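Okay, got some structures for you below.
Note that subunit A is present in both complexes that follow, paired respectively with subunit B and with subunit C.
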Partner chain A sequence: MDRIKDRLEEIVGKDYVSCSAEERFIYSRDQGVQEPSEPDYVVLPATSEEVREIVLLANEAKVPVVPMGGGLVLSGLTVPLKGGIVLDMKRMNRILEVNENSHYAVVEAGTSQGMLDAYLRKHHPRLKHSLPDAPPVATIAGNIAIHGSGHLSQSEGGFHSEMVTGLEVVLPTGELVKLGSCSTVSAWFSRAPLPDLAGLFLGWNGTTGVITKVGIKLFPRQAHHDVLIFMTEDVDAAPDILFRVIHTGMAEDINYALSPKPDYLSGFQMIVINVTAHREDELALKLRIIRESLRDYFETKEAGFMPMPPNMKAGLLEVPQKALSRFADVRKGGGFEYVGAIMPLEKIPDACRAGMEITERNGITYSLGARIIGRGHSAMFFFAYPFNRADKDEIRRVRSALEETNEEAIRLGGIPWKAEAAGQKLILGSMEPATYELMKKVRTLLDPNGIMNPGNWEV
Partner chain B sequence: MDSEYRDILHRCFRCGWCKLPTNYADFNCPAYLKHRFESFASGGRMWLIRAWTEGEITPSERFNQILFSCVTCGNCVEACAMDKIRDKLVDVFVAARRDLVEEGRIPPGVRDYFKAVSVSGNPYKRPAEETGLWAADLDIEEYNGHEYLLYAGSVASFDDPGMRMARSAAKLFKQAGLSFGTLKGEEVDDGNDLRASGEQALADFLASRNIETFNRKGVGKIITISPHSFHTMRKDYPALGGTFEVYHYSQVLALLVMQGALVPGGFGAEVTYHDPCYLGRWNKEYFSSRRVLGELKGTSVREMDRSMQNALCCGGGGGNFFTDILGTGRDLSSRARVREALDTGAGTLVVSCPQCYRMLDDAVKAEGAQDRLRVRDLAEVVSASAGDA
Partner chain C sequence: MQRLRFDPDLCLKCETVDCIMRCQYIHLEQDRAKEEHDRLVRGRMSSILHECVTCYACEEYCPHGNHPFYLIVERQEALSVHPVPVPIEKSQVVMMGPRGKIRPREVQAPVINMCFFGMMKGGIRGRIFEGVSTIGGPDIFCNLMFLHFARNSTIKERLPVMIGNIMKFHLEPSGVHELICYHDECYGTYTSWAPAFGIEVPFKPVHLFDFMLKRMLDLKDEIRPLGFTVAYQRPCSSRLCPETDSLVDDLFALIGVQRPKRRYEYGRALCCAGVIDAAQRFDLAEENRRKNVEDMRAAGAQYAVFNCPFCFWTLAEPVMKAGMVPIMMSDLCLMAFGQ
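On to the complex of A and B.
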């Protein structure tokens, strides 16, 4: 008799608890190169109350709880490093409210990016939310919990965690709390002017509680959309080019990319600039202003705007882009690992050089790039390394590159994003001691039994 | 497992595009929708099959449930991001089932299904001579050199809603003066769902029997009631010596309407249309039924959020119609589909597959929606519009 399993089944129903080898296998690993670690139970709650009861049970039994959204983080953050209960939140996927005038939506934590997008297109076609580059099954809550970013991060206010207007959270000790305006009045319009307690759960990778509802900002959806690619072989020119494009104020999304394939584009820095507008003439004007901002460069004939075949343009206009998932099959092997590093824009050239050196040293291939966050306030620089899942040696080399990249990102003055447990230790090792102690106090206070996603942000 | 499939197992990234339709409206994989564990999505299934072939896990009752819960609807094929593997996803699942069948590791429901068909030639355990009884009082000629053979298949021969479909279609064909006949007691199951369930040898045997009968009688053109028959006769029969022109009855109805041989009247109610997977996603036939419905006077088709290539399967494919591996509950795709149909405000949910008919008709009852939604087949709707309800 497994008393915990019985209790879990009483809480969520027999169909939604599994200790089977098959579920333990699947939930023991993600798509990256981290070592697997099996859960004891996989549980699919349907309500905040069920989550609360599960957390209370976990406290009583001193069993770890690992919340999971889309499970697409690649760095093992939802792999139960110390066993216990994986809470797959995707049954909690109702869209609870859309406030058109105040531009926010309230969703349950398992709501996927794609489903919110589809819902808005159908019921509120004037509005959209910022979509990450992850596949559309990635969840809203999972993404904000790791400080994700997306296609409106440049133009509309930064990381997705900065677009949160309110949270409902089950604390590690079982209390259900609301944070932001919804804690005081009925609407979920803002985190201000209250003390910003939401920060206790954003960027903590599920180590301080289980997010059960999210209020998220919405933005105008424009009817017209186009994309430009500016190319240069001068790696050191990237910060200035980005600065100029950002300062036009005309771009919705700005990305930087560098890839060895196809061969004829190897060595080219590509600045991908997405532009949207309500009217065609507005779109044309925006495109003209962006082109004009880079006139100095293309007049030298060392750089220029790339003529794009229609199928390429169509792919770049997709949000999210399927092509980014296809990157996993570059090595005909269904895998890629990823170090995102949040860093100042001026570090992009050095990060590129570092990425190429690391991949050459480890005998692997790469795609490097960055998304501009805010009006150039930072860049989310990605070092993406595809691998063949059937090639154990390549996996080992990618793991080694991942470790080197984490170290290099910190050396360059950046911070690895959604870092795996070992990467988190590196970050903590570089952290101001007083900040480290504060993190420790916060975790001890919130989670006295240490049940929440242990092994992550371990202080 | 065939090396063709074994060599692509590791290429699934498990990125999850396969869970959704291409417009992301809601989960669109019936097995995942029902169970919600990652293991029941196509990506999870790919990883588990790989783990099995690598010796990391051993087949268990749960493993079988996961494998046999795939209804072969093809949503994953439509939505998968990986161009090099997407077309083979369902083939991999079927190949893995074949291996389980060969090893004798199959769920009891699947075993009973196989037994019934192997004994009787159909899943209903009915004697072969009863296969044409659905048309007994319709005065339809036995096939004898007619232009078309009307092949009902197992479900339209023995399941009430399916029989109503076959009868309505046959009456319309007669009314339009179409040259067609049926087989009296010589049909056996088309084999499609057996093949999808991993029982290839029995599927081939039944197909060969049908082919032998068709060839002996000089059949050139076949009209099927079931999209499952339509699919396997086009895709699998040629390799077994059966090359025929195969049409689904909705295509023939559309042709007759276009030729003016059939003139639909007014139906007097808004309708919504459910695309069967083996007609739509598998064979890209989305327009014939809509063409016919478009001719109904005073009626419009209200599309569901998930239509055409994004249609949510009724859950009746891949053998599940007979094995019921998916079980019951609110998250069954058939019930979700009925709720989606109700959202359109239409009073009639039109189908063109006898399996969809039964699955959705039962789901309307399970949802308690009998007073708001009626499931009817395309031919019944056309008959009703002409005053022959």
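On to the complex of A and C.
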């Protein structure tokens, strides 16, 4: 008999624990190119208390615990590199509170982006949250934990981790803690003015605890939408074009894209500008101001706004963007992975050139692009490589391209985002030694038995 | 390469320069208009090349049929004047280019060429279009839209190939000699642009309205008059075949709708402004759309009818916001059959 399995079944019930070969196979991999690694147990808790009991058990048995949301991270962060328990949070999917006046929601960690969006549309139609361009099953907690970004990251304050108003976390030693205003008063409105401990759990890839609840900022949902695409062939013009559009203060979301497909867009830099407004005349004014900001570009006829038929426009107004999911399967066979490097805007031209060189060298296709974060404070530049999962040689080439891209991103002055274990090592190799020592101290303090997602953020 | 059949002497002797004086987008005094026009004819840089919104209307205004618009496009291309930003132009050249994927397909007369608008095939249905075959796609696309991009060269290069494809893969094997053109652009290509550049068209082009009118006359007893007031949005390419504008009146009479008296109608029709947007002249485009839609509404129109899908896409939203219903001509006529 498996004593740990019995204990897990006592905690969550028999239906929510598995160590069958099929489940272990499924939970051993994601859609990316990382090598699979099987868990010993898959557990689906329903409450924070159950999470707490599981973590206490793992401490006692010295078994790794890997928290998992939607499992869509692509770089293997929820693959149990050293086995143990995968803690699938999807049953904890209740939306606990929406505060309309103070513009925040409190959700359990397994709540998906799609669920919150649907709930807000139905019950609070004046509010929305920032959606990543991921499938709707991606979770709120998973996304904030990896510093995700989305369609309001440009206009409304940056990375989704910066939109967190509070957290409930189970520490690796089993204590349940609240962070932010909810630690002191009942409402989840802000992390300020208290010492900001939320940072101990954001960007750590699940190595410092298990997030069980999240307070997340909400924003006004406008009734009117439009989208512009500005095209240029001059890669070096991109930072200035982006700067001008950002400075109008009129764009909700700004994305940059360069892709060889479809063929009629190959070689063109595309700046996709989404605009929203409460009123029609407000929308028209915003569009006019954005166009005006680029007048001296389009008057030369060297660049300009692309006319779009309604079906193309409708696709670009979708949040999240379905076109990205379609691109993810462009090679057929369902494989897709990317390096998303957080970098300064001025590095975009060099990142484009590097991405094209790397893909050409490795004989793979690509989509390059960037989402502007926090009114231009940085960009999440993605080097995306789709591949055919049935083609082993292509997987090898993509893996090689990803490694090269991680190195190139750092060389350019960026930092790979949600990097796989090898990429994390690369980042740590460039990090100030004192900073890495601090990370180790924090982790040792929080997780003395080293049970939380081992193999991540380690040299 | 095909050369434009154009008589410079006729132009230089022209005193009225209707092509410029009647233009609704270029505003020059008579003397200045003549001066700029003559520069154009002599192959020199002219403000006309920059100001032209490529609405095609001067093809209709010229009393001599001397192809002033085709000449403008020739000169724009020769002098590298790009009406539309270069990246958009290049992208469109690839997007609309032949794919080389055409395969023989037997068709039965009557055959309608859907041009690039395969997505509009759903409109070819009901009593009016019973028994019709349709063809279409990038390998038989007329490419006349490149007049908006100062690229006669693209049309010259592609059109003979397209005509060859239409014959080889569709009409010849099926023994069909007539081709109904869904879009005015194709009809204008075969009846105006191709002859102007000396390109032979080996089939008989038929305008969609002409075909519909004949069919509907045969089915006259089934028609129930609609009693609407309907504004018609002339597409730019109808300027290449202005004789077809009267077919709109005939169709309207048959289905019992009224074409209201408007300021911007017939020869004074306004462009839908889609290409003016593409030329990045956004204020002009907006003003043009506002004038056009207000004119429709002031005339009491309940519906705005289109034949060009691009005009439809450009104007449908402002038309709806103004309280009218945008509709394609084929759908409007089918309504008269209760369909």
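As a convention for this text, the second predicted complex is superposed on the first by the 458 of 459 C-alpha atoms of A that agree within 3 Å, B and C clash if a C-alpha of one lies under 4 Å from a C-alpha of the other, contacts with A are read in each partner's own complex, and residues count from 1 in each chain.
We adopt the following convention: contacts are C-beta pairs under 8 Å (C-beta built on N, C-alpha and C of every residue); 3 or more make two chains touch, one makes a residue touch a chain.
What you see is a predicted model, and the numbers here were worked out from it, not measured in a lab.
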Simultaneous placement of subunit C and subunit B on subunit A, clash or fit: fit
Angle at subunit A between subunit B and subunit C, C-alpha centres, nearest 10 degrees: 70
Partner chain in contact with A:Phe25 - subunit B first, subunit C second, else both or neither: first
Touched partner set for A:Tyr16, first subunit B, second subunit C, both or neither: first
Winner by number of subunit A residues touched, once subunit B and subunit C are compared: B
Which of subunit B and subunit C A:Phe219 touches, first, second, both or neither: neither
First (subunit B), second (subunit C), both or neither touched by A:Lys322: first
Which superposed partner A:Met115 touches (first subunit B, second subunit C, both, neither): first
First, second, both or neither for A:Met306, with subunit B first and subunit C second: second
Superposed arrangement (fit on chain A Cα atoms) - minimum subunit B/subunit C Cα distance in Å: 17
Partner subunit C, residues of subunit A touching it in the complex: 231-233, 262-266, 268, 288, 291, 298-299, 301-307, 309-311
Contact footprint of subunit A on subunit B as seen in their complex: 10-17, 19-20, 23-26, 35-39, 44, 47-48, 51, 56-58, 60, 62-63, 66, 81-85, 305, 329
Residues of subunit A touching subunit B in the complex: 15-16, 18, 20-23, 25-27, 31, 42, 44, 70-72, 88, 90-91, 112, 114-115, 117-118, 121-122, 135-138, 322, 325-326, 328-329, 332-336, 388-390
Sites on subunit C touched by subunit A in the complex: 82, 84-88, 90-92, 94-95, 119, 274, 277-278, 280, 282, 310, 313, 316
